[in-house]
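After this come two complexes, each holding chain A, first together with chain B and then together with chain C.
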Partner chain A sequence: MDNKHIIGVFDEEDALMEAVHEVKEKGFRIGEIYSPYPLHEAIEAMGKTSRFAFVAFLYGFAGAAAVLAFMYYTAVIDWPVNYGGKPTNAFPSFIVVTIIITILTVTILSLLTFSVRAKIYPGKAYILPDARSTDDKFVVIFDKSLLNGKQTELEGILKGKGAVEVYEKELKPEN
Partner chain B sequence: MDTKITIPKGLTYAALAMIVAGAGVMAYSFATDASRAWANLLLNNYMFLSMAIGASFFIAIQHISQSGWSAMFKRVPEAFMAYIPYAGVIMLLIYFGMHNLYHWTHEEALASDALIQHKSPYLNVPFFFIRMVIFFIIWTVMTQMIRRASLAEDSHGGMLYFEKSELYSKIHIFLLALTFTMASFDWIMSLDVHWFSTIFSLKNFVAAFLHGSATIVLVILLLNKRGYFGEMNKSHLLDFSRYIFMLCIVWGYFAFSQFMLIWYGNIPEETEYFAHRWDGGFKVIFYVNFVINWFLPFVFLLPQVLNKNKNVVMTIAVLLIAGQWLDLYEQIFPVVVHHPVFGIQEIGFFIAFAGLFIFITAKALAAAPLIPYKHPYLEESLHHHIH
Partner chain C sequence: MYKTEVRGPLILGDKNYRQISSDIIAPIDRPAPLWWKGVFGLGILATLFGLFAMYQTVAKGIGTWGVNNSVGWGWEIINFVWWIGIGHAGTAFSIFLLILRQKWRTSINRAAEAMTVVAVGAAAIFPALHMGRVWLAFYIFPYPNTRGPLWVNFNSPLFWDFIAISAYLLISASFWYYGMVPDFATIRDKATSKIKKAVYGFFAFGWTGSTSEWLRYEALSYVLGGIAAVLVVSVHSIVSTDFAVSVIPGWHTTVFPPYFVVGAIFSGFAMVMTLMIIIRKMYKFQDYVTNSHLDAIARILIFISLIMGTAYATEIFIAWYSGSQYEMFTFFKNRITGDYTFQFWAMVVCNAIIPQLFWFKKIRQNLTIAFIISLLINLGMWYERFNILITSLSKDYLPSSWVTYHPTWVEVGVYIGTLGIFITGVLLFFKFIPMIAISEVKSILKVTSIKKNESKNSSHGQ
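Up next is the complex of A and B:
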């Protein structure tokens, strides 16, 4: 299958974002953006939304409720023990454990959710259009088959906005 | 860029009216119930002082971390610091209310109480005031040095004053850690002379930092509504609301740690503190304190829809000012007044001190250009953008 892509390489975040906004205005579809660090603006510009923070909140909420319920069950219902005359439902002393377990729950479940949604697993072969995006370059790619022959216009915009390199490359299809 | 703000005449008159009206209530209060009046005086003066101290710590942290984002707002915390010497003068007035406030100043208590005798080399009236004067001299000198360096930067520019500010800030936070600890022990914790808590000063310091920051944000947003700080964008607002969010968690952490360890240890000389604060109608304040100072800011500043909304952040800042008042009420009133009271006296004292604080900070704010236009990080601050 033909999987040719146009790849634009930028030195600066600002130049990349200017180019991204410009090509969006002209109606090009951005394939993907690769950057050395997360760019919220780029995610917004690509029209992607994330429910990740909300899901993490739900995990935390559920984790906290579950831990409190578990401690209540063990300390009050199943095996009440008298510690120095304290009430068996020693709520203030449950809080510290709850905080710790909540953080653990959120961390582990968020990691799993992210891996599933992004289809990342240990040992997966990773395809990078341009390996320099892991160093100091900002890379934006476009699917050539969607360009409808407007390749020169696109390359002109990218160059005009300060791309240090624009080239065409055959990418291996994502597995 | 060299713009000074003009304080509207209305604000000055309003502040003066607040002082005058409050002073009337204060006079009435001292004539009727002196203990309650002194408790109110201590509460409000300590409250606005801790806002000024919190602001001085805020700006010191910005200097030490060489923060760019906050550079254009630094005049606001600087203006807060101007309140410190005035708070010092008012705090000295406590001399006339020592017997009303502090049990350990009573001769008969000293004669019969072994614990007070044991503490008396430190807790005695002359040394109490010597320490107080030393604290205020240190705070005034350090904050003045930071302020002068900042003003000198406006006329000279360059990196010299930027580095000087950082050095002064380092000295300031070191001294502040020692002096504010002792100050909160002296003024607030010694009200319960038999009780002690090592986390107490840390909790009160974080409260000062939290409420100082909340008030800074409130003032900045109010100025923004009036058309100042035109360069303020969503990223600044998000940073400010995260600052409050983070500090409210830290406050909750320390307040809860102090309570939880005492509750769990259940040692009589420690639990008596909370026993006092759970009796006679005070218990509701104990819970409301956690709700206002931790729970509500936590919940309302968590979603990005809300923490990027100026009105929400302003509401939370106002709520936190009320929260600080309540937090100090819980610390001071159960030992001095013994039963929960709220009336014209409490409102009058608060209005008088709020008027004084507004008057002084507004004057200090108008005395210098609002934007430190030769700050080396000003450009970064103006174009601040969170990734």
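Up next is the complex of A and C:
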């Protein structure tokens, strides 16, 4: 498959964002933006949202219910032990373990969710258009096949907004 | 949004993004300096000695320790609580300050988290050894077993402790690791040697820094930060219930959970200060860990020190106010005066009085004195745990069971071993992992530093 992309490289966050807004107005579809640190404006411009917090809440809720149910089963149903006449369903003191295990559940499941959704895992073959974007450059890419011959216009906008380099590249997964 | 300009520039020296990456990665590229090799060697020696002491404990039994029927918890539990306390800095720093959106945390959080992981790992050795038959340690997991199945006691603070410590270790380690993923990618993409590119590339998990990654990355860090903030309070509260739930005079108080939590954050911040002064001096990171960073830590230490002083005073007051003769005896005859006077007053002086010197700007800015004070705080915190454990246990309700307690060389050896593990762990971190969170520092550079550096320079010019 032809995977040719137009790559615009910027020195500054502000220049990149100006270019991004401009090309969006002109109707170009941005492939992806790469930056050395999180740019909230760029995430917004890409129209991306995340329901992470809500999912994490569900994990927590399920985790808490599961832990309480487990303790109820072990301490009350399966093998009730009489500790000095105290009730076997010692709900208040079960809460301590419930809190900690809930936090642990949320953490582990959130990490897994992150790994799945952001596709970050060991041994991943990744596509990095310009290796300088993890250092000091801000990079925006466009799929060439979607440009419909408007490549010169796009390059003009990018350069006009202060791109230090605009070039074409075939993207290949690295390992 | 209001923009208050409380702090000066956080990053000095008019850095650009490229300089930040190369400055912070530099120690990884350079061969280890001579002092590093020397201290690492000492750390390994200490670790080996500790391993030998642990071998003695496991092979011969707890009888090799100085603990006895009255003082059942000696140096091991003192050191366990001490290390856990030091391990609170990571969460306190990165998580509390992340949630409060304090930008100055970015230069420090990575090192604080590294310290946390190593310190909590060192702490976990003690309860495991204290079980006596450490090869049966897995009994503490609530798993379906052939012993009934006999489940663990979910009402026991000792079980809570196990859960709290292991969860804390797992969570702080994963929080730390995910914070490093973008930085590993930076090292991968700047690496010139193939091996380095492959190794750091593996640990970078294919990170590219695209918006879809950053979006979830930030969401993840706020979710983890938000939920793990509870751990800052819960872990040491649970450790304190090991004591507070008992009926031993001096332990059975409701002030224990907050008192332990504040003490833990106190020793954690002191250790962060120690470590940051070393990093700054040895790796010339003055532009990243500026005087104002250390100043901020010193100010927090003053505040926590005041809380510590108040907690000590409260305990003494309640001992008197309770009208319990046993409480009175423990506090007035076995701590303030009596056999353990030195340890008690060492605790008060190191924790409540000496840190008050930080009120003076000159002392906050004198890094030698600040370094010494930060060490004294951790010494004081060690004495605090000594006080809590030994003074209460050595003389309880029954005078016929009063004993004195001296640690044996095995106990001291295990402690030296954990110090060795801590030192080697921290040094490995210095050498192989970026000590400062590169991507986070870059994200605050513009907002906090460039403009201010400019205005500072122009005002100099006038």
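What we mean here is this: the second predicted complex is superposed on the first by the 165 of 175 C-alpha atoms of A that agree within 3 Å, B and C clash if a C-alpha of one lies under 4 Å from a C-alpha of the other, contacts with A are read in each partner's own complex, and residues count from 1 in each chain.
We take it that a contact is a pair of C-beta atoms (placed from the backbone, for glycine too) under 8 Å apart; a residue touches a chain by one contact, two chains touch by 3 or more.
Predicted model, so just to flag it, every value in this text is computed and none were measured.
Undergrad: After lining both complexes up on chain A, report clash or fit for chain B versus chain C.
TA: Superposition result for chain B and chain C: clash.
Undergrad: Where does A:84 make contact in the superposed view: on chain B (first), on chain C (second), on both, or on neither?
TA: first
Undergrad: Of the partners chain B and chain C, which touch A:37 in the superposed model: first, second, both, neither?
TA: After superposition on chain A, A:37 lies in contact with both partners, chain B and chain C.
Undergrad: First (chain B), second (chain C), both or neither: which does A:119 touch?
TA: second
Undergrad: Which partner does A:151 reach: the first (chain B), the second (chain C), both, or neither?
TA: In the superposition, A:151 contacts neither chain B nor chain C.
Undergrad: Output check: A:53 vs chain B and chain C. Expected answer is one of first, second, both, neither. What do you get?
TA: It touches chain B and chain C both.
Undergrad: Looking at chain A, which partner touches more of its residues: chain C or chain B?
TA: C
Undergrad: Is A:95 in contact with chain B, with chain C, with both, or with neither (first, second, both, neither)?
TA: Only chain B is touched by A:95; chain C is not.
Undergrad: In the superposed model, only one of 167-175, 275-283 or 347-355 in chain B has C-alpha atoms clashing with chain C. Which one?
TA: It is 167-175; the other listed stretches have no clashes.
Undergrad: Touching chain B in one complex and chain C in the other: list those residues of chain A.
TA: 37-39, 53, 86, 90, 93, 96
Undergrad: What part of chain A is in contact with chain B in the complex they form?
TA: Going by the criterion above, the answer is residues 37-41, 53, 57, 84-86, 90, 92-93, 95-96.
Undergrad: Please give the residue numbers of chain B that touch chain A in the complex, ascending.
TA: Residue list for chain B touching chain A: 256, 259-260, 263-264, 266, 302, 304, 386-387.
Undergrad: Quick check on the complex: what are the chain C residues that touch chain A?
TA: Where chain C meets chain A, its residues are 16-18, 21, 142, 148-151, 153-155, 159-160, 163-164, 167, 170-171, 174-175, 178, 181-182, 185-186, 188-190, 201-203, 205-220, 222-224, 227-228, 230-231, 234, 238, 241, 439-440, 442-443, 446.
Undergrad: Could you list, by residue number, the parts of chain A that touch chain C in their complex?
TA: 13, 32-39, 42-43, 46, 48-50, 52-53, 56, 60, 70-71, 74-75, 78-79, 81, 83, 86, 90, 93-94, 96-97, 99-101, 103-104, 106-108, 110-111, 114-115, 117-128, 131-136, 175
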